[in-house]
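Working notes, structure below.
Letters A, B, C and D name the chains as they come in the text, with residue numbers starting at 1 for each one.
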Amino acid sequence: MQLGVLDQASLYDPLTIRVGCDFHHEIYAPVPAIFLVRPAGSLAAQVLHETWQMTPAGPYHDYVDVYGNVCRRLTLQPGSSTLTYAADVVVPGEPDPVAFDVQQAGVEELPDDVLAYTLPSRFCLSDELTGEAWRLFGYTTPGWARVQTICDYVHDYVAFDYQSTHPTKTSSDTYASRTGVCRDFTHLAIAFIRAMNIPARYVFGYIPDIDVPISDAPMDFAAWLEVYLGDRWWTFDPRNNERRRGRVLIARGRDALDVAMVTTYGNAFLKGMTVVAEQKMT
Amino acid sequence: MQLGVLDQASLYDPLTIRVGCDFHHEIYAPVPAIFLVRPAGSLAAQVLHETWQMTPAGPYHDYVDVYGNVCRRLTLQPGSSTLTYAADVVVPGEPDPVAFDVQQAGVEELPDDVLAYTLPSRFCLSDELTGEAWRLFGYTTPGWARVQTICDYVHDYVAFDYQSTHPTKTSSDTYASRTGVCRDFTHLAIAFIRAMNIPARYVFGYIPDIDVPISDAPMDFAAWLEVYLGDRWWTFDPRNNERRRGRVLIARGRDALDVAMVTTYGNAFLKGMTVVAEQKMT
Amino acid sequence: MQLGVLDQASLYDPLTIRVGCDFHHEIYAPVPAIFLVRPAGSLAAQVLHETWQMTPAGPYHDYVDVYGNVCRRLTLQPGSSTLTYAADVVVPGEPDPVAFDVQQAGVEELPDDVLAYTLPSRFCLSDELTGEAWRLFGYTTPGWARVQTICDYVHDYVAFDYQSTHPTKTSSDTYASRTGVCRDFTHLAIAFIRAMNIPARYVFGYIPDIDVPISDAPMDFAAWLEVYLGDRWWTFDPRNNERRRGRVLIARGRDALDVAMVTTYGNAFLKGMTVVAEQKMT
Amino acid sequence: MQLGVLDQASLYDPLTIRVGCDFHHEIYAPVPAIFLVRPAGSLAAQVLHETWQMTPAGPYHDYVDVYGNVCRRLTLQPGSSTLTYAADVVVPGEPDPVAFDVQQAGVEELPDDVLAYTLPSRFCLSDELTGEAWRLFGYTTPGWARVQTICDYVHDYVAFDYQSTHPTKTSSDTYASRTGVCRDFTHLAIAFIRAMNIPARYVFGYIPDIDVPISDAPMDFAAWLEVYLGDRWWTFDPRNNERRRGRVLIARGRDALDVAMVTTYGNAFLKGMTVVAEQKMT
């Protein structure tokens, strides 16, 4: 039985992560836009301080979407437009937790509010990949091993290539092309996992380079996934395929469509974007 | 300014509609299932009496999904399994309302909770059809005329054919094949409407044959759509393309995936289904 | 660390509980009413079959309140009016779980959605009883012991008396009068618990007489409470003050005001009410 | 019938309101706290820029309560603690709208999600004041006139007195003492309005002195109320009892308990608070 005891004290000190991003658009007519770049509010990711800056300044307001994500809504004005967000965020110091022996609940045991994450979505076509999923992974032990095997498979199968993605690329497209970016790795893994009746959801945020070689590539937003096993959600990351420290989650949804960092209505030319995610030493 | 006056007395008496359905499955191993067949609770659709019958009897419970739909969740047991639902429902007597002069809000004026219905979804690939939508309908007057023109187009363009649909058929598939059932008509129209930055959502329910020739075809569930114009949602129906009386709405969502009448996890062979929707004379 | 393992198989077989109620009103003019008598939908309380009967028949619809309770809304018509609900419900066979060593989270550790249950409400005036709560219970060990001590105290302090309650009786009234019914026991215990910064919520439902002497008194709805300790909600029952089997929960809220079994607008004379809750032997 | 046309262009230009507040606490041990001081996000109240400053700096996060209010949660640290919020907000330029002929819906016609605002709450004891409400206002014409008569009554009946209020003062206390601050005026009016089966909710925010003599008194947060008539919520303000321009709403709830500007758990001594609300000339 679940005893409801609180988590034990950790061996790891909390981390302070400096995160931020900068979008530069060229606009010819006013463009309504929604930005999703702020860390999701939770006890596990508290903000030390943060700044938003928009040039030229203009009105905005925040609203909450159906998944609980807080979105910033505004209209980009004609001309050169810059939005800059920066924050210092305190997160737990542990690597993503692991539980090899966690059991996989039968669908009939899943909580009601988790069921939606067993279904296909715009970019995670689990219905199309059901046959392949069972052919490839039907032999695995249900639970952690099954999910990890899928992540290993996707990690090895897909070649990372910035040039290979496009805005409507689905899990089936990634399965066919064997190339993609972190969002495509994530969509393909989610499609396989849902195809096997395990709830999976898409998350994105900032991942600093901690305990790993510093990458040469420019920083970017990162996508990964959460899988419901036992009685909670667990982090998996088929792109990096390692237990990382310091993730700062921005938003959760069914796939990248639900949680785009920027949604624009009209012609907004993205001239540049920078992302920052790094441990702040104190 | 909106004066907030209540609706005037109607020329039409309320209608009592008898609705119901009957699913017959053959099952070899227990199959978790979710049924969505009950009229959505609202002042505009009140139930006079209703019955559920499941053979063999088994446990179930109801839960509420993220759109507010009340879903019945149960596990179909091996053998021959029948679920029967029937209800008498009182609905307003008016035909679907019309407002030719309603204005189309700019995206920057839309309420926050409506924005999600401007985005693509699993079966309504408005992102893929954006070019076609603007090529075909860019010349129309924004607002009611634009939406009605899209519905007229889809109504004429797609040939109804029960054999032509399949579970993963998208709006793009329907646009290519020019065939479909009411769900495909609806998905295609929604994709075009969203592509033009007008919020549209998928609904399904029961439509009795009132003021129209009685159809020879067996009754079925019906899919149609709601479009946000001015400051509210309006009913459109590209399959029938006429203002109908007596619709009994079951559920709303982004597309047929969100609001399936039956979702099963495992092998459930649907051996038969009947649907009833008829005006009850008193 | 929380391992997320599923609950172990139980020593107890699930119980089937027959629940139901019957309201008889006399009405002189139409009275809008809301009934909350159906077991809350969950995997832990599945319905085998259920019936609603209203005499005279009339229209109704169901809606979901802000706490997730499904409420039945209708208008009672002039004359003699009867509403009867009956269901067989399958619930886990275990007694209410116990965890003496569960820790009490500090307020700063509580989940966001639990915070509302630390505040006073209409009938649970924890703000007025703060001084008394700390005077009486400040010496206790935080956690399970503190909550159980409060329940013991209320159980012993308040004398059960059907004649002693009234519709606006608050926790302070009960503290002064030392009499009450299960709802008053519950309100007083909740007020003390919240006064000590522990989240507590009011629940009501059906409790069959299992493992206890059959009561002579006519059956009634029962009120009890849930307390948030560790990382979940736990059942406490200051009226009976024993771990019971077979509870069938109807609704949750901040106090009896949020979750009345019947709310009427206008003059509805309750001429009679019966409640059934008993184990069904198979 | 409601035509769904958008609001007409206004005679009034939008207003830019500078709002803000400053809390100074003395703390001896860490105190968990929740602040609700930011304008509610909506198209009708867009932020131009805003700043939060906390001294000493410390971690915080934002969450959304059950009414949709975005709350800032943090822990005040021992010592002298200051939180400062400031924003420029663009709001419509019109005075609070008026609709003398709006009809009062019968309870049986009210939308489901409005029903909760017909019930008593911690500080609005409409159940206790039902007899008085009908005695005093039963003769009035239902609708706007009834609500305005109640606001006139409360405005004249209660004497404003900063010294007269206290944290647990209810509508009944205000009715007995005939004194109070804006929150007490509001609670009493809400209690009367709900007692007559009209939905009313508590709101608070910033009110600049526009079109009125500049007050000598230091600025403060202001409480007023919204009443559901016809098919929408309307603003009433029994404290000022005039149609004002430039209100900046922070939060909505059942009463002041649901929407406190500051909730603290433990001993936090409020040494000073300043509030700013003024039209910004451009």
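Everything that follows uses one rule, which is that contacts are C-beta pairs under 8 Å (C-beta built on N, C-alpha and C of every residue); 3 or more make two chains touch, one makes a residue touch a chain.
These numbers were taken from a predicted model, which means no experiment stands behind them.
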{"item": "Pair exhibiting more inter-chain C-beta contacts, A-C or A-D", "value": "A-C"}
{"item": "Interface residue identity across copies chain B, chain C - same or different by half", "value": "same"}
{"item": "Distance from chain C to chain A - Cα centre to Cα centre, in angstrom", "value": "39"}
{"item": "Computed distance of Cα centres, chain D from chain A, in Å", "value": "38"}
{"item": "Multi-partner residues of chain B (at least 2 other chains)", "value": "41-43, 63-64, 73, 108, 112"}
{"item": "Topology of the chain contact graph, where touching chains are joined (line, ring, star, complete, other)", "value": "complete"}
{"item": "Residues on chain C engaged by chain B in the complex (per definition of touch)", "value": "41-43, 45-49, 57-64, 68, 70, 74, 90"}
{"item": "Chain B partner contacts - residues on chain A that touch it in the complex", "value": "30, 32, 34, 63-66, 73, 75, 106-108, 112-113, 115-116, 118-122, 125, 127-128, 167-168, 197, 257-258, 263, 265"}
{"item": "Residues of chain B that touch chain D when the two form their complex", "value": "1-8, 41-43, 97, 99, 101-103, 105, 108-109, 111-112, 229-232, 234"}
